[in-house]
Amino acid sequence: MPKVPGLLKGLGVTFAAIVQTTKPKRLGGGAATVQYPHVKEAPPTRARGVIALREENCTVCMLCARSCPDWCIYIEGHKEKAPPRRAGGKPRTVSALDRFDIDYALCMYCGICVEVCPFDALFWSPEYEYSEPHIADLLHDKSKLGLWMETVPEAPELEVGADKKKK
Amino acid sequence: MTTLAVVIPYWGQSILRSLGVAAAVLLPAGTAVYVYLFKMVSFMQSRLGPMEAGPYGSMQLFAEVGKFLQKEDLIPRGADRRIFKLAPIVVVATVFLVYVPIPFGPFAVFGSYDTGIFLALAVSSISVLGILMAGWSSANKYSLMGGLRAAGQLLAYELPMVLAVVGVVIQAGTLNLQGIVAAQHSEKIFGWGGIGYPYVVTQFVGLAVFLIAAQAELTQTPFDMPIAESELVAGYMTEYSGFRFLLFFIGEFAAAGAFAALASTLFLGGWALPWVSLSNHWMNVVGPLVLFTKMMLVMFVIFWVRFTYPRLREDQLQRFAWKVLIPITLANIVVTAVVKVVF
Amino acid sequence: MTAVSDRRQLAYIASQAADARVNVELETEGMTLNIGPQHPATHGTLRIVARLDGEQVVSADPICGYMHRGYEKLTEVRSFPQVTTLVNRIDWLGSFANEVPFILAAEKLMGIEAPPRAQYIRTILFELSRIANVSLFLGDMGVQLGALTAVFYAFRDREYVLNQIEAATGGRFHPNFDRIGGLKDDLPKGWIAETRACMDKMRTFCDLMEDLLVGNEIFAERTRGIGVIPRDVALSYGLSGANLRASGVDFDLRRDQRLPMAWDKAEWKVWTHPDGDSFARYWVRLQEVRESTRIVDQLLDSLPSGPVMAKVPRIIKVPEGEAWVSTENPLGEMGYYVVSKGDTGPFRVKIRSASFNNIAVASWVLKGTFVPDVITILASLYFILGDIDR
Amino acid sequence: MSSTEAPAPPTDELREGLVARLRAELGDGVVDTHLVPGDDLWVRIRTDAWQAAGTAARDVLGCEYFCFLSAIDWLPSPYGKGEDDPTEPPPERSSAIVQGYAGGGSRLQVLARVGSVRAKVALTLKADVADDEPRIATWSGIYAGANWHERETWEMFGIVFDGHPDLRHIYLPTEFEGHPLRKDFPLLARMVKPWPGIVDVEPLPGGDDAGEAE
């Protein structure tokens, strides 16, 4: 029937795990888990947590809403007169944003909108603690998306062999 | 109990004793749940286990009890109501009965019967009935299979457990547990009386088989076919919720305590300390602590095995019991008997 | 089941014959047991209608479709970038590996190839997602058999691999990092050193699994000789990946096929096992995770520098044509038959997922086994529900 | 999958050998072939020679590995992507049926792929299916894996496989009627909700005098 070493080795593995977990942290021990509310692990800079909107860049071209697979970006805008670029020039007609909602209940965080935006108005931020008791509150309007802007990190520099020119 | 300068009438003593047994059942079970089921398992799996309820999660057990109590008490429509309600009570009651003959001190024992060990083992096999009742009455295919598997398994492992104990009884010469503790306390190992003579020294085969059989009686991995969660969801306990599930939960851990107490009494010298005389009155206080630490040691091994090994299939399990354990214990009895007669 | 010359296998059949004689006299009518769709042993919503005779399975019929999302219909209304986000949700454990064959098919239709650095990074991330996927299997097989601690080690060590994938692509489970013509971005600073450390952790994890499960006699007792799938049955059902290699077929798409990826730049071994039983499948996958860590190490050493994106127009219109590309995904051979009529989205995409064939064999292999063996065999076939139902 | 490097004049003996052996076996059962040298091979089989083609592929060509079996509906979808502006008139969509590689005559085509593990090569077999009454012989007798694939193809395209042991739904609920993967089956998810991508920028109240509004 069973030869003993296999079974004993298994016990050895779990006992070593007990010793490893109970060893205090400074001796290199400690559990692999983190006590979440008290200690928070920072997600990597590129993590796709939430989409932030810089409103002044947006020209209501609606490319993001058109290329979103889940149809979860709702945009409404209007045209208005804007002061001319150079003094004495003709007032330009510029489209301004009325409503820019992203419904995070539908969003699948694929990042096509951030990538397809020609005016760099959308950014990724690794923020992830925005769960809501009511699912309707997941519809973030443009002011809330603006608030996310400060949580957007600097772009990390690239690995040593990467091509220098910015794509 | 006339030593405390106050005469306690007989009914007073029996109340004290029954309170003692209740404490003896619940306290080790409670600490076992906290230390092993919550903490040791988590350390094995490189996590910290419950930390929020009380300092280092110590109040977690009360939180669990509170959770179970406020859960809705469901009885499935097709269930056989009376048996469904009776099953957990049978299982828990038998565990209390197993503690009756186990001595915690010179006087701290509910009843010191001449056939103490025989009573403990006989009573521990009644819990099979409780499990079968639960499996049958839940009107659920998974429970039925769980119950039948439990019946087959517990009967198959009753025999090796009893045979393992016979070795100790031959060596001690008495069935009375107090007698076995006294025997282990007084004899010498080849003339040196330093730590008394715990029977594990000669009966290590008996202890190994006893623990394996205890693992099977508790339906724990590697013998947890009746509650094989990956097949039968929760075996015979599937339909139980709320207070009844809590009873099963207490029953399971109290049974673990009971078998640990039996193992430490039979093989590790019970409540006696080697250099302290048996009749010292302080032993009534120190004895339970000694036995408690030995129980914790034995339970560490039980739970250590439980969370490390995969489970056996029930035909392998039966084959292992009948073809391996029983021959080994019979051989052990023969050897013990021969050695007993020769020396 | 065809007999294998192993002594244990003959004993197993003899015991079955004995039971069969007993049942004839007892005339017990069978019981139909529904395993699933919510059941701990199925990775998702698979339901097995098993007709039992006592503990023995007379016939088992897997019923899937509880998670059918209709991907092939959805791809007809989406553009190519949108389909990549859709497609990495099929086998959600090794999800970077889903995007690669689809992108390669599109690139084959457009006649372009990703620059060498992109090919290397794609292969590295492919192997990382294989390690993440298969390491969960190594732990999960333990849970299916009752050993609770194995899966916690799997989750703990897999976390490092997922952190690496997230650091590079931004998403732990749905990286969406592949573009037609290359990758979305390059690797962040310090990623290579971090990944090397992570590979060492995975190797110690494999040794842990070796000690905890493979060496364990109870594990061997429960898995050797159980669910034997001979070579010809495996091929006829279209089994692929480790299930096929465990039945003794030396067939690995990474080696037997020329793809614009970097597998041929690293030397590694294809592991096979003659028995074809549940133990063989577990053992082959354990060796494959070790091989993957070696592949990643070698590719990290020889990672060329340069751009990660080829010259590709902004709005991609794939020229008309049909292409089939399949790669060795963690679960088996996953292939895409992409038909394009020259507009921004595909006209028809046939998604060949590995688990669909891997589970088709279940009704054949489960006949005559015990109920606990049903769980062992299903766990060893290792399917993911998204892969079956698409 | 290919293993041999195509030499300068792109001839691929391995695959041409396959086609030659198939032609020898089936005669005029092989209607048309399409060979991408060093890459892949498509062979169109006559509808009634489909079962013979299966046995030939397995026994003569040694393709014992069953990859997959499915179908293609060549009719362009009459609904488009659901991304058209409701205000403008619906764009007219061509309903011309144009088959892919190795041609074909009908709207529905069965598609199967089998491979040989030893020779490390695989080929795709196609066959037309009559538009009015889509029926074709089953392969479940030849390749055991075809059983499930044919059930899925029947359920999704409505092609009946004669001789299939139990042709029933595999994914969809039993009372589901209609064949979803046919192009004329509407994708309701895109019908129900208006497309948010329609440009919704209301012009200036005074009309765009400067005339360069988007």
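Each chain gets a letter, A, B, C and D, in the order it is written, and its residues are counted from 1.
Quick note on the criterion: a residue touches a chain if its C-beta (ideal position, glycine included) is under 8 Å from a C-beta of that chain, and two chains touch if they have at least 3 such contacts.
What you are looking at is a predicted structure, and each value in this text was computed from that prediction instead of being measured.
S.K.: Which chain is most remote from chain B in terms of Cα centres?
M.R.: When every chain centre is compared against chain B, the largest gap points to D.
S.K.: Does A-B or A-C have the larger number of C-beta pairs in contact?
M.R.: More C-beta contacts join the chains of A-C.
S.K.: What whole-Å value do you get for the distance between chain A and chain B if each is reduced to the mean of its CA atoms?
M.R.: 53
S.K.: Take the average of all CA coordinates in chain B, do the same for chain D, and state the distance between these two points in whole angstrom.
M.R.: Chain centres of chain B and chain D, defined by C-alpha means, are spaced 65 Å apart.
S.K.: Between chain A and chain C, what's the gap in Å when you average each chain's C-alpha atoms?
M.R.: For chain A versus chain C, the centre distance works out to 29 Å.
S.K.: Can you work out the whole-Å distance between the CA centroids of chain C and chain D?
M.R.: 25
S.K.: Please list all residues of chain C that touch 2 or more other chains.
M.R.: In chain C, the residues touching two or more other chains are 78, 147, 149, 153, 156, 212-213, 216, 218, 221.
S.K.: If you look at chain A, which of its residues touch at least two other chains?
M.R.: 1, 7, 10, 13-14, 17, 32, 67
S.K.: Would you give the residues of chain B that are in contact with at least 2 other chains, written as numbers and ranges?
M.R.: In chain B, residues 44-47, 307-309 touch at least two other chains, as defined above.
S.K.: Dump the list of chain pairs that touch, please.
M.R.: Touch list across chains, by label: A-B, A-C, A-D, B-C, C-D.
S.K.: Would you pull the chain B residues touching chain A in the complex into a rising list?
M.R.: By the definition above, chain B touches chain A via 40, 42-48, 51, 304-305, 307-309, 320, 324.
S.K.: Spell out the residues on chain D that touch chain C in their complex, using ranges where they run on.
M.R.: Against chain C, chain D makes touches at 1-3, 39-40, 42, 64-68, 70, 72-73, 76-77, 81-82, 98, 100-101, 111, 113, 117, 120, 124, 143-145, 147-149, 156, 169-173, 180-181, 183, 185, 187, 190.
S.K.: Inside the complex, what are the residues of chain A that reach chain C?
M.R.: Chain A residues touching chain C: 1-3, 5-7, 9-10, 12-14, 17, 32, 43-48, 67, 69, 108-112, 115, 124, 156-163, 167.
S.K.: Along chain A, where are the residues that touch chain B in the complex?
M.R.: So the residues of chain A touching chain B come out as 1, 7, 10-11, 13-15, 17-18, 20-22, 31-33, 35.
S.K.: What part of chain D is in contact with chain A in the complex they form?
M.R.: It is residues 83, 193, 195-197, 199-204, 208, 210, 212-214 of chain D that touch chain A.
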